[in-house]
Amino acid sequence: MIPRYSRPEMTAIWSPEAKFRIWFEIEAHATSALAELGVVPKEAAAIVWDKGSKAVFDVARIDEIEREVKHDVIAFLTHLAEIVGPEARFVHQGMTSSDVLDTCFNVQLVRATDLLLADMDALLAAIRRRAFEHKMTPTIGRSHGIHAEPVTFGLKLAQAYAEFDRCRERLVNARREIATCAISGAVGTFANIDPRVEEYVAEKLGLAVEPVSTQVIPRDRHAMYFATLGVVASSIERLATEVRHLQRSEVYEAEEFFSEGQKGSSAMPHKRNPVLTENLTGLARMVRAYAMPAMENVALWHERDISHSSVERMIGPDATVTLDFALARLTGVVDKLLIYPENMQKNLDRLGGLVHSQRVLLALTQKGVSREDAYRLVQRNAMPVWRGEGDFLSLLKADPEVNKHLSDAELEEKFDLGYHLKHVDTIFRRVFGEA
Amino acid sequence: MIPRYSRPEMTAIWSPEAKFRIWFEIEAHATSALAELGVVPKEAAAIVWDKGSKAVFDVARIDEIEREVKHDVIAFLTHLAEIVGPEARFVHQGMTSSDVLDTCFNVQLVRATDLLLADMDALLAAIRRRAFEHKMTPTIGRSHGIHAEPVTFGLKLAQAYAEFDRCRERLVNARREIATCAISGAVGTFANIDPRVEEYVAEKLGLAVEPVSTQVIPRDRHAMYFATLGVVASSIERLATEVRHLQRSEVYEAEEFFSEGQKGSSAMPHKRNPVLTENLTGLARMVRAYAMPAMENVALWHERDISHSSVERMIGPDATVTLDFALARLTGVVDKLLIYPENMQKNLDRLGGLVHSQRVLLALTQKGVSREDAYRLVQRNAMPVWRGEGDFLSLLKADPEVNKHLSDAELEEKFDLGYHLKHVDTIFRRVFGEA
Amino acid sequence: MIPRYSRPEMTAIWSPEAKFRIWFEIEAHATSALAELGVVPKEAAAIVWDKGSKAVFDVARIDEIEREVKHDVIAFLTHLAEIVGPEARFVHQGMTSSDVLDTCFNVQLVRATDLLLADMDALLAAIRRRAFEHKMTPTIGRSHGIHAEPVTFGLKLAQAYAEFDRCRERLVNARREIATCAISGAVGTFANIDPRVEEYVAEKLGLAVEPVSTQVIPRDRHAMYFATLGVVASSIERLATEVRHLQRSEVYEAEEFFSEGQKGSSAMPHKRNPVLTENLTGLARMVRAYAMPAMENVALWHERDISHSSVERMIGPDATVTLDFALARLTGVVDKLLIYPENMQKNLDRLGGLVHSQRVLLALTQKGVSREDAYRLVQRNAMPVWRGEGDFLSLLKADPEVNKHLSDAELEEKFDLGYHLKHVDTIFRRVFGEA
Amino acid sequence: MIPRYSRPEMTAIWSPEAKFRIWFEIEAHATSALAELGVVPKEAAAIVWDKGSKAVFDVARIDEIEREVKHDVIAFLTHLAEIVGPEARFVHQGMTSSDVLDTCFNVQLVRATDLLLADMDALLAAIRRRAFEHKMTPTIGRSHGIHAEPVTFGLKLAQAYAEFDRCRERLVNARREIATCAISGAVGTFANIDPRVEEYVAEKLGLAVEPVSTQVIPRDRHAMYFATLGVVASSIERLATEVRHLQRSEVYEAEEFFSEGQKGSSAMPHKRNPVLTENLTGLARMVRAYAMPAMENVALWHERDISHSSVERMIGPDATVTLDFALARLTGVVDKLLIYPENMQKNLDRLGGLVHSQRVLLALTQKGVSREDAYRLVQRNAMPVWRGEGDFLSLLKADPEVNKHLSDAELEEKFDLGYHLKHVDTIFRRVFGEA
């Protein structure tokens, strides 16, 4: 996570200020719950809420205390006591640091995911708009980078929409994975704290109760969370790669928006480079990489060790901030993408009709030619076209073995573009619910 | 995937024989659908089913053809034509190889997941049985590898149960991710094949229709699938690591079953090593590693490239076979685990009562001592015990500052083990639905 | 590692037969050393060598024994005793299984690396040949997929040569990392075996002595080894990606060799796809993935645990066999690559001279125009060309502000291709030692 | 990279100030070279050096310009022109941004590596000191976490020393990999800049010339670099894991230094946790993870794309800062490690003499008992000891079949600790060059 690839709303979630505020809320809710259970005085809880809500926690002061006690939660509680006064002794009763830390981390991840979901909605809206705009814009479909058969540019975007729609659902699942709360004490036995405190705090924070925690919330949840972000990032890479390909000089069917004043290259003034999508490709590599340490974090020793902590201090912000930035950047790219239908048509025509080879193949088999023979007939007329030696339709017409089965008119009918686009509506209805 | 870490039922899913059988079913179902739509003669479909169902596909023959045509599906279709005769020309009409390959791969993954789910059920059953068996067996809870406070061995297993129950649900989600079928032709436009063929085949194979495919089924699905296996593997590593710790010479609270005739070490006849769980730790690393190339597979070029294929030929079998083996091995470990409650008790007693330090701390604060003072009082009596210089209870009793607030009887009450176990039933009910 | 992506010579290194033969050699050399030290009778060592050298080790028999004793080295030694007779009791004296296993694994890795080095030499030779063949074949250099300035096809290959030459050196370093031998007993103290035995065996096997082993050879060596293979694989991916780009329909500057009888697509007979290099891209992902578990293997517990073993049983063969196959496949691709200089020229001309924009920029600054102004002048003439609205040279000539500084003749001189190629020889000399 | 896990000297290398200073030096050296070649006026170069050396580059101002031109090097050059005045037009002549960026990145990596090497030297010194201090402190060697045979604590550290010594050499290699300079222009052809400029700048900066660059320095170098850091991190994890094991309550043979005022747990005042080494375990996961995107960066498109850049903006600082911190932290841990020889002795005695089982086994075979029989004899006496039912030596003496071959005196001799330590000096000499 670096400023260049960060957006303020997501970064704020990971600020010390936000963290201490969440810590306070967890502690204060727990104190309220204890007050309701009669364990601590109700007035104490009221004072904690009152003074804590008004206070601005002094990050520098907390850091100073931590340098002495070498324990962040104790440092915070010490500072809280400075603010709240003697009633502070009713705070954190029967709790352990991880009750605060783990629940806070999950609150942060939940909030982060809510931003990611909003990002995703914006991205989906942008893709949908451009997909309908170019629903029937013909373009060549390519497999292996080689021209295959016609598709539409809208179909390309429909694919992307369906993919990110799945990613959205995955994010929803991932959010559920980590939306839990644990207030279960030193080794998760509730020895010193009533399980109803956990239920109370969980409800107040909009979290589920962690069924069994062991000082820590189990890290398989977080592994699943960060692995999901890695998959979302990979889908970003896919669409980014598509744009990079489309912007290639030789293809030039689409282009990232290029603002006035922007310079593509310090040395070559003519350059307009797909730098945003190349950037997204790199960012995707990063988000993906963070899945690995998250998985290694699962196997904590016994009831817990703290090896996961340094990892999460990094990948918590790094993965969510980077993915948030990437989703927003991709949304901008899609939204403002310059699309060149005339170049798409030019490329469609480039192979001299070869993209219709399959239709000819099928027509021959339907006339009773064996598949093997039909394949051979088509291939022998395709190869000269490939080498730039002629036009596919003319060659086919001139091939007596082909002509024996297919008349000129029948052959010409096989070169109709509309044939390929007749089910675009079907696919759009599947993906968007309408066409 | 190597024989040593493979089980036959899972391996069989990935055999050429199984693959060609699925290919046949996809092709034959598609031919039936075409026959229903009147595109090909119904008798042709009947003959395909009849001859294909009776035939044993000759893997060596198919390989031989492939060596010539360098294309596996064409090789299969050529062989199928040898079996079916002239009606074979109605097979694969309007389809592309990937319709067969991708749908087949998903069928294989679905079947593999069904085995994994059965494995998981067996594992959950074993953990549950041992958890209830040791629901109230006291043992020391450890954070950072250091004795913390008492838990029960059943609680440890309840945690594992809850974790693998989540893994089960993740596998169900992962199965849904990849349970799709695509029969959409060369670039996914259904140019040469009616979308109803896809619907027909999908239904027959128990799959969902892929809303938009582009010759290939999008690989974000598979990325999510293999990432999920990586998370499950990480949970296996966690429980395996727990057993390894428990079997350490100094801990020795549990032990992998050691059969008669087994030799722990060629050099040291006394050794009984946790080799199964160490092995599981290594296998987990492998399954986890396969998630990374699966994620890199997502960003195929344009409508598709074939870079994913070599990856999947490896990780398809490697990840599922290894995970199947690992789950079964772990089930055996749990099922037959030798558990030593008396050693757990010995370890519980090892720290001279220090594990009760928190209760004393809380009791002091409840008597009005500030948290900071209470902490200091407890710590100064704990440190000599830690160094082996005395018994915690005696030292506390002898500390006048402590004694001022807590009588001997009050102190003794704080050393009661039952205090820690009073909510075990609550947790069991959360996890197992009963206690 | 699957047969489809395997070559027999490398696979043979990992066969059980090869492994048991190496085990025998280690044991027999150690027995010889013990005989020289007078610990065991010289005749015994002679008999071991004699009978063992003649014997074919029965893999099925060893497996059968292992199923009983659950220990592979003991199983082997038992089988060896069946072959050698009573003198077998002098074998493995004071050794531990890992002395055999780890030294054997390193012998296998050394042999595998020797094959990889031979592969690399063949690849380098192929690249060199093609590089000189096309040393002066002009082609457009592309940054960001956008035409930049002219290079030659030979330069592209010179870059690949330099990169694989570095990879070769890395492999040599990696080989050195794992070319060690340990015969140090149960925990590496030589308690029961003289260090001179280790020295003897190491020398016989062409290995260095492991300075300090702890039953196992430390796994940082293997981590470095497999990480290196991952880097080599990444370089393979780079060249493979280049070929895939060059073969794109719109670029079509080079093409994988396409044999007679080969079928590019079952549906589209005209297709010629870069399937080999796409395949290499996938294989690279796999080899790279194996680096991760190799790194996780380093942190074995105390003197050793066996978690690395299952990982290495997989990645030992998987990584080396796959990389060997990939290097050989890439060599074939380079060797037979179809290269189309005329298409390169066509692409060079595509941007209407824009690729010379930098020279114009520089010329303007040399005439005293500020860099900022020069940039603006060039960019404003480049943008119309980019949009297909005119020819760069004509537009520049017609721009009075440009014309003020550069005459028509001066401008024309800036469009000379030879200008860009004047240092090709310099680079070739740096890379190949000659030009 | 977060402040908590950062050290100022390493962080400073990655500051914008340091970066712009290096950019300036590269540009200014290049201008000097151009002046020597007579391409630009010598006075211009002198003015650039003079004004630039005195200037403090204004990061905020550069950022402001970059927001407009969206290009960082152009922004810098614009700012430099503000400082230098009209002579600025002689700067960057014939160069491309990447000449500056890539050479700068390598300079930063070289400086970072120099810090890492200094860290490594400090770590090696600390390990060496403690190794000699405990050269002959007996402790139990453990395989699989199970007591095996005696070693010394010094031997454990000798192993660590040898491992980090290898890591040091790997860092030296990694430094060489990335210590290159490229000043080769837009696509690496030196079209607009003389190769002698590159040679001049390289020499001034203490770098090697990159033999062939293609606008960018090839990223296989960086992949190798970051992979190497990942291996070093894995070795850190190994030693950290060792300490964590040794500090376990049941083992307690060593302990991280615990300062006055430090609190192990907010809830449990008695806790002293190995938090530093747990932290190192997590940090190792991070550094390892960064190797993966570095490897994915290798396959840039054609002469270059910029996808590597976002990755490197993150992992450049993240990997080096984290590793620097980790090495320093580990050095502190080793340096101040509390070592408890008496507890080591206690643990050595724990298994009732079982650790001598191999010697008895060997003695029996030397008396003519077959290996299989000897193994059985030893194992049958070991198992009761394992179960806590008796003392190994007594049981062996009482076993008539054992007694037939080994007298009581002979048996007793097998239980001598010194036997295991006789080659410690040999190993120390191998590792440290002295004993």
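Order as written gives the chain letters A, B, C and D; numbering starts at 1 within each chain.
In this text, contacts are C-beta pairs under 8 Å (C-beta built on N, C-alpha and C of every residue); 3 or more make two chains touch, one makes a residue touch a chain.
Just so it is clear, the structure is predicted and the values come from calculations on it, not from any experiment.
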Exercise for review: Could you check which of B-C, A-C or C-D has the same interface as B-D, with more than half of the contact pairs identical by residue number?
Suggested key: A-C
Practice item. Tell me which of A-D and A-B has more C-beta pairs in contact. Key: A-B
Point to revise | Interchain centroid distance [CA atoms averaged], subunit A/subunit D, Å | key: 32
Revision key, fill the gap. CA centroids of subunit A and subunit B: separation to the nearest Å works out as 24
Point to revise | subunit B: positions in contact with at least two other chains | key: 77, 92, 142-145, 148-149, 185-186, 192, 244-245, 263-265, 267-268, 273, 275, 278, 281, 288, 292, 296, 301, 305-306, 358
**Study point:** Residues of subunit C that touch subunit B when the two form their complex
**Key:** 1-2, 4-5, 68-71, 73-74, 77, 92, 95-97, 185-186, 192, 244, 259, 261-268, 273, 275, 278-279, 281-283, 285-286, 288-290, 292-293, 296-297, 301, 305-311, 313-315, 318
**Study point:** Parts of subunit B lying in touch with subunit D, wherever the complex brings them together
**Key:** 140, 142-149, 244-245, 247-251, 263-265, 267-275, 278, 292, 296, 347, 350-351, 354-355, 357-358, 361, 375, 378-379, 382-383, 385-386, 392
Practice item. Under the touch definition given earlier, write down the residues of subunit C that touch subunit D in their complex. Key: 77-78, 81, 86, 88-89, 92-94, 141-145, 148-151, 155-156, 158-159, 162-163, 166-167, 170, 173, 177, 185-192, 195, 209, 211-212, 214-215, 218, 220-221, 223-224, 227-228, 230-231, 233-235, 237-238, 240-242, 245, 281, 284, 288, 291-292, 295-296, 298-306, 358-359, 362, 365, 370-372, 419-424, 426-427, 430-431
